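Here come two complexes built around chain A, the first alongside chain B, the second alongside chain C.
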Partner chain A sequence: MELIRLEKSTVVFENEGRKVYGLKDVNLRINEGESILVLGESGAGKTTFGRVIVGLQKLTKGKYFYRGKDYRKNMKLLRKEVQYVYQDPISALNQSKTIRDSILPSIKKWRKVRGEKLEEELDNLLKSVEIEPELKNRYPYQLSGGQAQRINIARALSTNPRVLVADEPVTMLDASIRVGIVDLLTSLKNDRGLNLIMITHDLALARYVNYRLGGMRSIVIYGGRIVEEGNFSEILSDPLHPYTKFLVESSEDLEGVGSQEILKKMVYQETNDLPLKGCPFAPRCPFVRDACLNSFPEVAENPHRVFCYIYS
Partner chain B sequence: MLIKLKPFLLYMLKWLAKRVGFSIITIIITIMISWALIEYSPESPANFINSVLPPNSIAGKPTLRLELEQYLMTLKPHGNPLIDSLQYLWQVLHGNLGIDIISQVPVTTIIAQALPWTVFIVTTSILISYFLGIRLGMKIGYKRGTKVDSSLMSLFTVTRSIPVYISGALLLFFLGFELGWFPTGGAFSINVTPGFNIPFILSVIKHAFLPILTLTLANLAGWVLHMRANTIYTLGEDYVSFAEIRGINSNNIETKYVGRNAILPLYTSLIYTIGFSFGGSIFVEEIFSYPGVGHLLYNAIQYNDYPLEMGIFIILIASVVVGILLADLTYSLLDPRVKVGE
Partner chain C sequence: MSLLEVEDLTISYKTTKGKFLAVKHLSFDIKKGEIISVIGESGSGKTTMAKALVRAIKPPANIDSGKVLLNGNNLLEISQNKFVHDFLWVKVSYVPQSSQNSLNPTQKIIEHFIDTGTSHGLRDKKEIEDRAVKLLQLVRLPKSILQSYPHQLSGGMKQRVLIALSLLFEPELIIMDEPVTALDIATQRHILNIIKELNEKNRTSIIFITHEINLAIYLATKLLVMYGGELMEFGDREKIEKNPLHPYTISLLSSVPKLFGDLSKIKPVTEGKINSKGCPFFYRCPNAMSICENNEPETYTIEGDKVRCFLYGANKA
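Moving on, here comes the complex of A and B:
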């Protein structure tokens, strides 16, 4: 069963007359029960992708179908079934509300429970993210980062969602509590049959998620475009697109990036403006050819999907 | 629970005592400094009488001037600002603010007559402009970037820049003199008997209408612009997006997520503003000949009427300090991040 389908989805941001693509012609299908990893560096369009999936970001062009229906006509279902966990756990909580008051409204709205059952439901929800129910009367500023992120996950689960978009869920947390949060997310995926959409720049984290869930599909995004798509372990062991290669190399060992001339060229420069035409990676790509500057390549299967003129 | 409560209460009391203590010290020091500055200034009511009244008139008699100067000397018998101001403070603590030089009536009596009028027009106008301002500011904030937003923004920026003595004079001229809809001076008509009766209350409202309108217009723009900015800032906060994602209805988001947080900085300003305004709004009360504290202060300064000036300054100082103290004490009720004892 198809759950999510993006067709030529495009988001354009305009800033002082300058156009930037948040997403450009993204085609993607996610089936029920399927989880994916979304990889890319900051500014690549990962967060825009997440915001489109949860319905926060309107598409400029293209289509987004949720359960076969256009997202704009399916907002109610989207609000119930697609939830979001964000990288900054504290700012995601309303500072003037207690945890209880933050979570209760959506339990009331979507789970249709009333009265004493409500508190019970809340307590169970908190227990399911390994938070002591006594903490529910606290305010966000009284929580640690890890606790706050668990509360955010509980709040996202309060609507009984089918899809959980986790946008860099552990980036702002200490290394020592990251694994705990990721374990929680993956076990929730298994227990509830959630579709987990894990967005991250951190390949080590992606590797761990893939290890826990096994055989995950992943997409690599750059400049709002999907540049490579396939099984995560395949992408990791055999990256095809120059950008993916760079991503994999630099995640393994920064010294290697610093010492190799070819990799140094690919390092992001603040002056690199994303081109509106052709391949967005062209200005950084050491293998750039004329074609790259004019048009974006068709997909090549070699052995997984990649969008690069080297392979077509 | 009880065991926990006791040290907390103690801590609260200690904290409260400290804050109140500091406020009292602030009031005392400010009163002493103001008194010394006024009393030891080269200006004197005697100078005024000398220069304005012809020497041969009864009031301008040299004997009267001498008498006045002698009276003034009794206010600073030691010739030492510190000791004299302490003595003044001692008198103030006994409720004695001295005798008004011009009218020969105790200062406390004069202020007690004027203060209610000022409190009435100033608090009414501040509360109206505040509640109107936050509603409007929030609506405009929600419509940011639209034509409604930009045109209202320019309108309020213009009205904010118009001083009260211009808008007040214009309102007085058109609505008071030209159209005759409102009286042009005083706090109530001479035809009504003061007391709790309907003609008197109606007369008071009619007389206060223009001063309140002028002050409301002057304050409104500030609240609107401030609230608009806060609303736009709060709308960009992550938790607002998250409420939207969870399908919380938009009215709820507007009041409990956006409004609730955007209003916080304005709450403190509200309490301050009320505190500051007890000194009266000099221009407005003068334009509308409204018998409030501002009107009194204006006259007192004109005649170098020291005891009256000082009396009004004490009201002003106390209300500002108490306002700040109140804002501090009550802020934690609104913002849970600011809690006593944590």
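Moving on, here comes the complex of A and C:
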């Protein structure tokens, strides 16, 4: 069953009179229960993508259907069923409220629980993210980053959602506890049959998420465009798009291995001005040709989906 | 002979709840041409330590005790005037965290170079400009940006301007606090390469502070692992990578997934608070013993590496 469908979804931002694509002509279908990895860097459009999915960001052009219905006419269902986990766990919480006061209203509203049962429901919710219920009387500043992120996840779960969009959920946490949060997200996905949409720039971490959930579909985003799409392990072992190759080789090189095929050739360039026409990676791509500057390529299957003139 | 020796450095903060020790009895050294990556979580004291090395500790923080010896001169004892004039920028430079905001927004980039140069005895503006152009070349920025204001540059460009600025007097030591955090991967790689090149060409010693384990390992010749303001382990990078000794280092290294290797061995370190009495890692340590709760371990030397853990003491089981 189809849950999410994006059709030529486009978001345009204006920055000092300049147009920037937050998202450009994104086509994607996500079925019920399916989890995906969204790979890309800051500025690539991954956060815009996440915000579109939860209904926080309006589309400039194109369509977004949730359960077959246009998102604009479906906001109530989206609010309940699609929840966001933010990168900065402390600032995502209301600073002036205790954890209890932050989460209770949502439980009341979405879980239709009343009276004494309310506290019990809250305690159970906190336990499900491995937080001791006594912490509910604390304020955000009294929490560690890891505790705060677990509480954000609890808040997201309070509506009984179908989809969790986790936008770099561990990037701001100490390295030693990151996989603990990933373990929590992946077990929640398994236990509750959630769709996990995991957004990350960290390929090694993505590899771990894929290991926990197995055979995840992945999309690689650059300049608001999906440039490559396929099974995560295929993308990692056989990246096709020059940008994906660059990402993979960079991470490989940090571990002292890899071919550096692209790394050696890539000319370093500032990324402030991405072209509005053609392939957004063209100005940095060592394999750029005329066609890349004029139009964005059609999809090629070789063996997984890639948008690059090398393959079409 | 060490370029810089830090001896028994202790730094405290005054808080409403009393005195809090941010750095405790920290000792380590860096030799010419070494790159030390300082690894630590938030609250490990790594930034406070770095600030102390360039006398940037300000109230409510205070240096309670210790020495910072640069070529034998105790930087904490000489006059402020002498430090600013003869040492800062000239012998040791500091690129602070979120340094992208530390450029003056009302000044062009060239003025930053001229200010720093003239305040340290360079009189000839032409000479400063010549040096600036060369340094910008080194960090691969066009000289045209000398006429730009900071807001006209991207984050990665500003970061590279600061690295160039820190090199104006070719100091022997540069301390960089999270210089590539929050930058995109291409920029990150680019800056790491510049740091490596600097180190290889000029034998500049570098203290590189980061919370990203993979980056720390990538760059370093030595690792300084800190937790709760204390040294946990200090030694040769390759050796620690292969054979970490402190339970914190062991847990940390096995909590970070890699692109290669067995993922089934990856597991998170237990979350928990810092123990302020004995070993700071006590509450999270898989090998914790009763002695660790209230007693501070000494620093033991094991095959040339330093490790602060009772497991390696004389009374180990």
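Throughout what follows, the second predicted complex is superposed on the first by the 295 of 312 C-alpha atoms of A that agree within 3 Å, B and C clash if a C-alpha of one lies under 4 Å from a C-alpha of the other, contacts with A are read in each partner's own complex, and residues count from 1 in each chain.
We adopt the following convention: contacts are C-beta pairs under 8 Å (C-beta built on N, C-alpha and C of every residue); 3 or more make two chains touch, one makes a residue touch a chain.
Given the structure is predicted, the values throughout are model-derived calculations rather than measurements.
*Asks:* Could you tell me whether chain B and chain C fit or clash when both sit on chain A in the superposition?
*Replies:* With chain A as the common anchor, chain B and chain C both fit in the superposed model.
*Asks:* How wide is the angle at chain A between chain B and chain C, using CA centres, rounded to the nearest 10°?
*Replies:* Computed angle, apex chain A: 70 degrees.
*Asks:* If you stack the two complexes on chain A, which partner ends up touching A:F246: first (chain B), second (chain C), both, or neither?
*Replies:* second
*Asks:* One more residue to check, A:K109. First (chain B), second (chain C), both or neither?
*Replies:* After superposing on A, A:K109 lies in contact with chain B but is clear of chain C.
*Asks:* Using the superposition on chain A described above, determine whether A:L23 touches chain B (first), chain C (second), both, or neither.
*Replies:* After superposition on chain A, A:L23 lies in contact with neither partner.
*Asks:* After the superposition on A, what does A:L205 contact: first (chain B), second (chain C), both or neither?
*Replies:* Second partner only.
*Asks:* Going by the contact rule set out at the top, does A:R79 touch chain B (first), chain C (second), both, or neither?
*Replies:* A:R79 sits against chain B, while chain C stays out of touch.
*Asks:* One more residue to check, A:S42. First (chain B), second (chain C), both or neither?
*Replies:* After superposing on A, A:S42 lies in contact with chain C but is clear of chain B.
*Asks:* Now for A:G180: first (chain B), second (chain C), both, or neither, which partner does it touch?
*Replies:* After superposition on chain A, A:G180 lies in contact with chain C alone.
*Asks:* Check the contacts made with chain A and report whether chain B or chain C touches more of its residues.
*Replies:* C
*Asks:* Once both structures are aligned on chain A, how many angstrom separate the closest C-alpha atoms of chain B and chain C?
*Replies:* It comes out at 6 Å between the closest C-alpha atoms.
*Asks:* Counting contacts the way the document defines them, which residues of chain A are shared by the two interfaces, the one with chain B and the one with chain C?
*Replies:* On chain A, no residue contacts both chain B in one structure and chain C in the other.
*Asks:* Can you name the residues of chain B that touch chain A in the complex?
*Replies:* Chain B residues touching chain A: 237-239, 241-248, 252, 256-257, 260-261, 264, 334-337.
*Asks:* Of all residues in chain C, which touch chain A in the complex?
*Replies:* Contacts found on chain C: 41-42, 140, 154, 156-157, 182, 184-187, 189-190, 211-215, 218, 251-252, 255-260, 263, 266-269, 271, 273.
*Asks:* Which residues of chain A touch chain B once you look at their complex with the stated criterion?
*Replies:* Within the complex, chain A touches chain B at residues 54-56, 76, 79-80, 82-84, 86, 88, 91-98, 105-106, 109-110, 139, 141, 152, 155-156, 158-159.
*Asks:* Hey, which residues of chain A end up touching chain C in the complex?
*Replies:* Result: residues 41-43, 144-147, 174-181, 183, 201, 203-205, 207-208, 211, 236, 246-248, 250-257, 263, 266, 268, 270-272, 284 of chain A touch chain C.
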